[in-house]
């Protein structure tokens, strides 16, 4: 990152808006995907803008994300359209998006990634409660650290609040009120920032300290959660207790940005047990709880995505039974990722671990 | 419902490759190299065919151990399916371990076609290992 | 004879199996016979092969249309719809002409009726006669009634009637009355035989009669084949590398090369070609098994590492693994003071005598000089593989066998014999219906009654939910019992069958018959080894064991489906790239079978290196191929043309050709043969400039000028391995030694007084070409060996060309003033980058095309439908290039001879509706069998290339890709049953 | 060897009218026809038999028949405990005294050659050595003396003569 | 190091007899079998394959002048395993034959000369010979079981002609009697010639065909003169 620019205006959101609308108005991109309020709700939803005038409601720094927008981003970048697209995403969304690129679910061709420094998101109802109370939650959230304690449990353990791999990064930590730091993360970003005509700036000195403090806090909490969770699921029986209320609604998989299957295997014939099977199972075990294969579902999903889990916490957020799914998944994921020395979203060129094996060669003879 | 060690007869699922380990198993049979019978052998065309689901299914259904036998690296009929499985295996170990299944309940070994004695030895040894560990924690509990 | 055979293949070893499979895959009916009681020849005795120390025997099996054959390790045997295997059978007479021959054979009685034997082993347990175990090189004992090969499936015993005392113990215990000691040999007559492949091998030299090696006298002197058995887990010591005398691991092992080879005194003026590499391999295994401090020494004259990757193998053994190589032929092996140890004397490089002591010595034996071809070998219509007259490594045998298959196919088609179109038995309508299982409980003539009744198996089975019918049979092995089952399957509602019987392996072949009659596919049938379970089960829960097994299989059967068969229409045109001997041979092989061939040549003329070839015989051979190809109506030639693009899959490729004038042509083809060849390597840049210092090629050309006067060429020095066999070109070019010999002899012919010296590293006159080496020496040519690090130096002193070297025989430096110094600069491949990227095939570090497997699939590439032969693959002599061309042509023909190729039942298929197109399956597929159809936007499976390994299915997270016969739901249900 | 070679080479007619026998031919003939009888308990010691090159290997090469089995047959008729050296017969070691080397001044070299014979003898550790050749007899005696081995050396025919049962 | 321009043709190679025409000395591949098997390899520079190589390189003179051919015991062990069937022993003998007779080391040629002159290699006069053998014969006759034993000398019409190794007559008289005993027991009709009784023929060792032929001829003459049909090979 070599260029800094600062925008000052009435609010942080306005500052961001000013920059992002210019992307379209100056024809630097054809469309922008960014979280925006709708006339019907304060809850910002990923919204695709092709017209600068329509961008009034954008609120990317709002501490809310009803879902991990990587899947929406992947939907608009499923294949190259010949048009240039800017995607404004949180770090966990970018990481998930990179995993989806590896899984051939989307392409970064002609895509400008704009990452936001994310101080966390609140559960939807928490955010809406604040919104009802005070209007511009975003502004309040960024300056009021006590509000920051209302973010989700998973966000509290997130150490990756600064986006990597973005062309442009927007940050607020350590910044003066109503100001946003724009940094370029690539030549593309550099060029765009120049076009936007932002004023050159310097990193405020306290930014480093604040960042470091936050990081330490998050790391400590993460450690705590991992230890606690690991203990809570260290036997299959304890695990069953945790998931005893699971409804097999598959919301968690629906909310998971890296659970990319068009249709979950648990909805296919592989798991839709035949009546004969269920009957036999009941005969042998005395009883079968229905829907069946609840543990199997969670463990299988772990086996599928543990390497790719970006720790966004959406699974927990959507669970109707309040099962701490994200605690379980992030705890296991950390162990699996360590075994493979794999970090999801680290590098778009890095193949997923199962596609890399010793003697990578197709003919029979070792070289 | 913990059974006493002496009458603990482990339930073992062995997923073995059609080409090498299955041949070794047959060879052990025809060479009268006996090994404990409480092994449920399921023939796979290749260890590379083994889906993680099979391992999870086996453990959740009460297997005390899961043995996987494949061709030696380089000998795979499908060039490198065995190595692909080996890669998957690492993640599986981490997962089952976290849920309280001793990692050693899942074992991968390369057993070549001519290695009847190795097959026998591996089976005997694995059963012994499992016997020493006792029944799987999934035994006797209700798995949802 | 159960079925008419069009073709007889004599000898069921590597060559015989290759040839039988080739012809069976073309659709011919083949009878594969062997005089041994088990098939496989040397194949069953080998665990691992050089130069990768791996095993890949199974890679010989058919790659597509696999439903015609059983897929299992070839050590167990071979099962193919079109092949009947007849063992203990020897051909004694052949009559008639190609296309219509009558062959008489004698089938020896084995004492055991294969239709009855259930492989229970009871007979072997009671047999009181022990004889040396021939399978294990007599290092152990076996009974007179025995399993000829321990892997053999079905595991039916045979009786060694020579050893058998007719005591009758086995007859008494046999539960199925399968043993008849009074059986006599049977004479079999095969009529209407189109042709015969003679692949009976050469036999192994037995050093027992040579008094110098102490074989038979010293237990620790063993042959290399015995050592192979010692290394094997199925060998006499269960794979422990121990020496026979005291069963201790040896610390020092010697390998003695050329035992029985390169020895005109015993009629062996030939090299057995493979022994050098075998010894290196064995030394490496000894190090691996016993630790790197194990001393391994190979005594040799020339290490014949002439295969493409062999020199590096040797170098690695020498440098990284410290295998010692000593250039001295061994006179004798003698005893040493310590019990069992052996003394071997030799002279070292400086001529000093050394007495070394070893714990064990391995005699590298090759071809048996006493083995003669059968009388009928020369009968028209019989084509012999090279491995009948020469010992050779597996790769060469396989190439030769496929070459023979090609010649036979050509002979048959010119005799008007075509393979019969196979009618596939129609499936019964009820197969598509919902699963209904018929369980057949066989009491094996009452012997399992107790098990079945005491455990109330029928009642237990009825508890399994689902539609299950149960019948009890007395014996399904005999016709009556089987008829009962057929009856029920034909008339009853069941569409799946599970047998609880005795030995599944013995019974399984009967499923094929049953399938043919009932229209229920054999994949919908299974067998549980009830007897085995009864015998082996720990008694704590026999019923549980049996029910587990039955339910496991039942569950799989319940979930079986007919895999939706993708059928690939075949574009019956071949693309051949390169028009040297290999390419021309491939093209002609295909054209002879009515396949259109598009032959592409980069140069303006065809013939490869024809213009540079001086050997009259080779010229004639290539010239003939050129003429034939030019005149062939089915061969279209494009000279001055390159292939710039190739897309598609086996059977359906689209290639673009670019001609010299820039014009482009599109060719639709079904298979391509890469034969881009190579040529002479240039002399090294530091070669002294003098018109007396020339390349071997130039000297050859000079001497072949008409009217050449060689009177002034009085002293000539040949220098071998110029630039070859050391990095970066660390491979043997294979042609130079023979070329130097021939050139030197030509020179001797022109000027008998010419003194000729050949400086060599290892004379690579493998196989029959050893005779040229012998002849050259007989003509007075002096051969002086040198080591890579002590190359002779060439100097020019006042106009005189001097070669300074060291003669280890005289232990003196030598300096020769030469009129010519001929440098053997070797061969390099033509650049293959374009062709490799165009056809998506891999290359070796030396720029050759990498084959799929140098031993078992030597002319296939990693991509189905793309084949490689000749110099493009590795250095070859012209005759070998022809052989490889034929083999490659034959391999391509397996595809092109068909109109369509259906996917095997046991292949991958994609359920597009739920496929997320993540392409992980494409990334892991080892056979490049998967691709995205750009128009449909779907993942496609190439039915020709897919081998059904299932890596794709395991990689696919949601079951969008499945493997026929191994669908995930079936396996999951099987696991569940197993743990019930 | 020399006579036999000479007769063949220069007097081929000799064999039209004459017959020639080796020592072994005669011994075998006498024993087989019963013309001589031997005392079978005379030699109970452990004996080692040495094959002379001329009667053995070289006869085999030049005349197509080496006298390997005949002396052993003779020994079998009256000696119970005789052993072969290893290597023996066609691949046996010369005593070191062949080729006229007994007559040359190269004594050291000859004794050096004989080391192999001594090693062979030591390996079987005999109480007596039997040879059917005058040169071998002399050389082996000398070798044994040189190596301070007190083992008697006897001619095969000497043993036969000693064991004769006179009517 | 001498620079080789043109090899000299080897007389040794030309003259050394072959096993048969298919086993040329040129075929030697210097494999080392002979060297590995010969106990003399390395002694005073002796090495059978080196000798063959020197012949092939035309270095006759060096060989003829060296003591190498005389170190060889001509035992033939080297040849026994030679894969090319090269007649190494004949080659050695051929070299020996090319050595000036006065340079033949040790007793060999002197013995031959004596033999040519006197009929035996030790130059023993006829009277002395007759005395010795009769004397030993008398001793034997005195032993129990050999009553009336007499050495039959020059017995016409005897069944077998017996020659003697000179060392038995010379220094090891005690070994003369073994065969006599056997003949006596077998009631063999045998005889010893009093002239040209020499049983060994050193021409074989010295490469001296002329002398060798002469000695063999004497045996033939003896047989013809005495009217004997059967010969017992002397050695």
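Per-chain numbering from 1; labels A, B, C, D and E assigned in written order.
Here is the rule we go by: contacts are C-beta pairs under 8 Å (C-beta built on N, C-alpha and C of every residue); 3 or more make two chains touch, one makes a residue touch a chain.
Every value quoted in this text rests on a predicted model; they were computed, and no experiment measured them.
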item	value
Chains touching both chain C and chain E	D
Mutual neighbours - chains that touch chain D and chain E alike	C
Far-end chain from chain C, centres as C-alpha averages	E
Core chain by centroid distance, with centroids computed from Cα atoms only	C
Comparison of A-B and B-C by number of C-beta pairs in contact, larger one	B-C
Most distant chain from chain A, judged by the mean position of its C-alpha atoms	E
Centre distance in Å when chain A and chain D are each reduced to the mean of their C-alpha atoms	98
Computed distance of Cα centres, chain C from chain B, in Å	31
Centroid spacing, where centroids are CA-atom means, of chain A and chain E in whole angstrom	103
Interchain centroid distance [CA atoms averaged], chain C/chain D, Å	54
For chain C, residues contacting two or more additional chains	52, 54, 56, 59, 212, 332, 924, 926-927, 955, 968, 972, 976
Multi-partner residues of chain A (each touching 2 or more other chains)	265, 270, 304, 354, 361-364, 366
Chain D: positions in contact with at least two other chains	90-91
Every chain pair meeting the contact rule	A-B, A-C, B-C, C-D, C-E, D-E
Residues of chain C defined as touching chain E within the complex	212, 258, 262-265, 301, 327-332, 345-347, 351-353, 714-715, 755, 773-774, 777-780, 782-783, 785, 802, 804, 807, 809-817
Complex contact set, residues of chain C against chain B	47-48, 52-59, 71-73, 75-76, 119, 121, 147, 150-153, 155, 232-235, 238-239, 505, 532-533, 536-538, 540-541, 545, 548-549, 552, 906, 924, 926-927, 947-951, 953-955, 963, 966, 968, 971-972, 974-976, 978-979
Contact set on chain C toward chain D in their complex	211-212, 214, 217, 332, 334-335, 337
Sites on chain B touched by chain A in the complex	52-53, 56-57, 59-60, 73-74, 79-80, 83-84, 86-88, 90-95, 97-101, 137-138, 141-144
Residues of chain A defined as touching chain B within the complex	230, 233-240, 243-244, 246, 265, 270, 285, 287, 289, 292, 294-296, 299-300, 302-304, 306-307, 331-332, 335-336, 338-340, 353-354, 356-364, 366
